[in-house]
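Read through the structures below before going on.
There are two complexes below, and they share subunit A, which is joined by subunit B in the first and by subunit C in the second.
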Partner chain A sequence: MTQSYVIPKPSRPWRPSPREKALNIGLLLASVVTSYALVALTEMKGKLAYFFVFFAALALFNMARGLITKDWMNGRDQFFSVIMLLGMTIVILPTASIIYTVFDRGRKGLHAGLLTNDMALATPSDPITSGGLLHAIVGTFLLVAVASIVSLPIGILTALYLTEIKGRFTRPIRFLVQAMSGVPSIVAGLFILSSVVYTVTKSYSGLVGSLALTILMIPTIARTAEEVLNLIPNDLREAGVALGGTQWRTVAMVVIPAARSGLITALILGVARIVGETAPILLLTGGGDAVNFNPTQGAMGSLPFYIWKSFLLGTEESITRGWAGLLVLLVLVLSLFLLARFLGSRRTK
Partner chain B sequence: MSFQSKNDNKEKAMATPSSLASVAANGRKPGTSTLGIGLEARGVHAWFGKHHALANVSLDFPAGTVTALIGPSGCGKSTFIRTLNRMHEFIPGAAMAGEVLLDGKDIYEPGTDVTKIRLKIGMVFQKPNPFPSMTIGENVLSGLKLAQLKNANKDDLMEECLVRAGLWNEVKDRLNAHGGSLSGGQQQRLCIARALAVNPQVLLMDEPCSALDPGSTLRIEETIKELSETMTIVIVTHNMQQAARVSDFTAFFLADGGPGEMIETAATSQIFSQPRDERTENYVTGRFG
Partner chain C sequence: MLEDKGQRPIPSPREISTQPRFSDKVFRAVVTTGGLSSLAILGLIAAFLGYQGFEILVKEGISFITTSEWTVEVDSFGAITNTTFGLAAMLVGTILCALIAVLIAVPVSVAAAIFLSFYAPASLKKVLVSIIDLMAAFPSILFGFWGLFVLMPSAEYWARLINRYLGFIPIFEVDPPIFTRSPFIAGVVLAIMIIPIVTSISREVFSQTPLDRIQAAYALGATRWNVIRTVALPYARGGIVGGSMLGLGRAMGETVAVYTVLNIVYQINWQVLFGAGGNVASLILLKFGEAQPYEIKALMAAGLVLFLLTLFVNFIADQIVAKSGSKGR
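Moving on to the complex of A and B:
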């Protein structure tokens, strides 16, 4: 069969034309010029002034363009588009600034032995290349692992009670979980200190630190998991039960697998909540300088403790060590997130 | 009119439940269901909280027949069909009265194992709802896993159910794809295959074709006709032509201000040609609803 038409070149007519693009860049430049001019000519000063004058000018210029080329509605549309851009910038700038500062300063504290040595034999004023933060990484991993092992089942079972069983205590439990998620971390630390350390163990250990972290982690996991489970359509539960499954079989085989990636997100958020938590760690773990693989006994270091202690010591070397610790913590959290994203999005088989 | 399309309507209507049951007892293929003597609703009422949704429905579903429930929206058809396999109780605040007899035994009797009841009385829902975390093959066999049934020959069972649901040819090369990758009509047939795998005696279908295109609807109607050889089928439908095409008996429901009631039930050909009640006639001729 012969082709009766010529295949046209694919085009995107909804994209801005070169003329519109030029106008966009023009308005952007005009806004930059305006912000410089206004800051120079008026009494406004500082980076913040440049920032806000720039966005105000950009919003007004774009609105004017909309008003002139189209109508009032379009002008308003253009104005609020710029306001959205402002909101996004306000969110992204501090985050980017934090990441940049941590990488910039932490980079100076990096050395070959950072991840393989501990601080048992290094003093605060030793050169940066001596010592390392192996003990802190091991400690943080153990603290988070123990807290997750305890919190994940409790948190998910709580969420299942709230969404699947819907028993008589649903409302008080939901209220308690919400109230618990607002508990300051120092309160969790003091609670474990007075109820477990002073009465039972009588010593610092990683385990009691994990217990305090558990108090902070359970409500985060339970609330997130509840929201995720509420998103699973009721149709699926009915279908499972209509096929002759008990409620437990239906939840275990249908509801939880369907919510899997969301439940993994709940775990990530729980870990994110506690991994940088400092107050209860200061009270409970003792913060040793040597690697300790046993969470039940002895002082246990952790990254937040290491960072806190390094800054407290105040020598130039130890402050650099503190920034390096922050960098490692940041990278650790980031890679945990990426790993969990990967696991959550991967489908079985 | 096309309402007389099913020639064997009358023959089936004449057959008494007991004769059907003896046929069922004698020559059943392995893997197909035992028909039993059917399902029977006696004086069923249903409430949602204080709202009386359904009043005093008594209806027989003889084994091996297809019964269509028709009526305008909000007349209690779906509520009624959900009382037949105890799905009604899943709605918070729901209540009921009356008896539903499966082979002469009340499924609401205290001490009844409700999961066993739902194994015998399967259900296909209005919206296709394959399990998203499972493949097509796993979806078909999910009932076995949910109810913890043993089956030595899962591959054969999977094929048989998909063949009976009229889906085998379309999916045989991609049984490991996810259920959600199918079209709406295919998903609904997958749900039918899933319901068949646990070998129910009765299959309840709550508007199974309302979300589907005419082609898929036709496939499902063919499936229903084939299935009626081996099981009792109850189907809720808004489509009167569909009721006429697939069913042996039809029951007309109506809520006239108060709770929904069953106005009339008879052989499908009679409901559509000479209904006894004026309201039924008005509905089936399209004067309202």
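Moving on to the complex of A and C:
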């Protein structure tokens, strides 16, 4: 006596069936064929034609499928889903193109001495292997370091006001931080020029450049830090106060340590915001070609200035140098971004 | 033990008060001062630019923003004999480039945000959001030189197409056929720069759409597109407009990318495909190099105008974003 069981297989009715999958791929292929055919047969030419004919065909084919298998409403739904995909593609394409271009063209400018030489003895038309961007990296590092030292405390204090004190200025300050992040970078440069350079220092230096960068960095730090501090559970604050701590002790000993990695993320995002900032640097730092370790005196080179100068010089070698500079800058921004992501993902665990 | 009890002084109850202690007073004062620093900085920016540009603003009056002539005449000794400063051409250029950027960026960004919120599978969504955040962190100099060397040939071709098929519309006319370095191309580069901002704000608003409304619509038999059109878009409209205004403000203040891509010519140019234009920020950068102290004052005044313009746009954006969120059908 054996009893036969029917063990039901788990079914997932929302998943596309093999037939639907095949149809999807078929429509995709049909669209590719259509785009090639139309470009070959009609007057439309070029990449633009391929791109748009492909998406138009895909949208129409999908609409037709919806109309045939279901109804008009489903057809319209299918049509618009392709339109949204088109939007997403247009957003992604420039990023891909930028990263590809910079790596492709910057590669030719890389050489062994790139990170250990400066441009003091190299002229624009020298071969690529002479000179390097040590001065630019030192300069960028110093500019970013000084700007971080000034703007980190101010940014965090602003965030603390918005999350811990919540006084009557909360709403205006939130708006002002927002407005500050919209200040054009050249205006920040002009402001430091009029307030510090013309009245106090009378000369260009790295320090005044980093003061301008501070203005651009504070809002980024303040907004990210505010988000991070808002994530700290209120229980922690209440527990601190209930144990008899003053607000000052609670914030300094409980809230800030709990938010530490998030605050570091805020700093990194701030650095990523200013590391490639060009306009105020062009106005304020003078942009030297030799290594200068003193931010208070003398012209200070930096990566954006180096790139700018290389492209404007216009010789073949200097343009290659410019692309190599952009490559270094892009790698710097990418690694800062990945670092911030890494710290951010660890925080949420 | 028992005898002791009577001799011990009974501790008097601690006085309970809501007054913050001294350390807290200091703490609150320091944090409030730090918080108000943004106000101080913005105020100082306006004050110093106004102070430096005051002379020019008084001399030129309202014609500083209504006329379009920027000349400095010097005699053979290098002394200034006559100056005219009018910013109108550059203001028109600023607004034109920024508007083109917003007109291109907003539909694309909203479509992308809808794709991310309603269509993309979770794993793909994570990657795409990272890419968009990364794009927002790209420095403007990168967009500028990419635009000049890579985008320009393609964009010039697009401009020719627009001119051929839509040339009967006055703004798409191109008188001498110069299609390179036009406001249109600058607008495309600016559009690419503001797309991440507009996309991430739109996506955030879409993600706040009340789930019960979405589910109610599905339960009534709506397709995905029906849900987007009747629930998500009306709810997110305010946020999208606010995000677009933020993008507009960013596009108005952009210096390096516009300077790199655009052929800066000091004239009012409404023909968006014609290779001449400019914006205030790039004018400042262009003139700064050879400017004499007197002209620098005029540039400071121009900076003040630009600052107030972006502040105004940001203010409007903030108001719109603050009002939205509770609305929707």
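As a working rule, the second predicted complex is superposed on the first by the 257 of 349 C-alpha atoms of A that agree within 3 Å, B and C clash if a C-alpha of one lies under 4 Å from a C-alpha of the other, contacts with A are read in each partner's own complex, and residues count from 1 in each chain.
Just so it is clear, contacts are C-beta pairs under 8 Å (C-beta built on N, C-alpha and C of every residue); 3 or more make two chains touch, one makes a residue touch a chain.
This structure is a prediction, so every number in the text was calculated from the model and none was measured.
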item: Partner chain in contact with A:V39 - subunit B first, subunit C second, else both or neither; value: neither
item: Touching partner for A:V254 - first (subunit B), second (subunit C), both, neither; value: first
item: Residue contacts with subunit A in the superposition, subunit B compared against subunit C; value: C
item: Partner chain in contact with A:T246 - subunit B first, subunit C second, else both or neither; value: both
item: First (subunit B), second (subunit C), both or neither touched by A:P94; value: second
item: First (subunit B), second (subunit C), both or neither touched by A:L236; value: first
item: Touching partner for A:L23 - first (subunit B), second (subunit C), both, neither; value: neither
item: Touching partner for A:A279 - first (subunit B), second (subunit C), both, neither; value: second
item: Interface residues of subunit A shared between complexes with subunit B and subunit C; value: 246, 249
item: In the complex, subunit A residues that touch subunit C; value: 46-48, 73-74, 76-77, 79-81, 83-88, 90-92, 94-95, 97-98, 101-102, 105, 153-154, 156-158, 160-162, 164-165, 167, 169, 172-173, 175-180, 182-188, 190-191, 194-195, 198, 215, 218-219, 222, 246-249, 251, 269, 272-273, 275-279, 282-283, 304, 307-308, 311, 322, 326, 329-330, 333-334, 336-337, 341
item: Subunit B partner contacts - residues on subunit A that touch it in the complex; value: 166, 233, 235-246, 249-250, 253-254, 257-258, 260, 347-349
item: Touch list for subunit B against partner subunit A, complex; value: 85, 87, 90, 92, 115-116, 118-119, 122-123, 125, 127, 129, 131-135, 142-143, 145-148, 176, 178, 191, 194-195, 198
item: Residue numbers on subunit C that touch subunit A, as the complex places them; value: 20-21, 23-24, 26-28, 30-39, 41-42, 44-45, 48-49, 51-52, 107-112, 114-116, 118-120, 128, 130-135, 137-143, 145-146, 149-151, 154, 157-158, 161, 192, 195-196, 199, 223-226, 228, 246, 249-250, 252-256, 260, 281, 284-285, 288, 299-300, 303, 306-307, 310-311, 313-315, 318
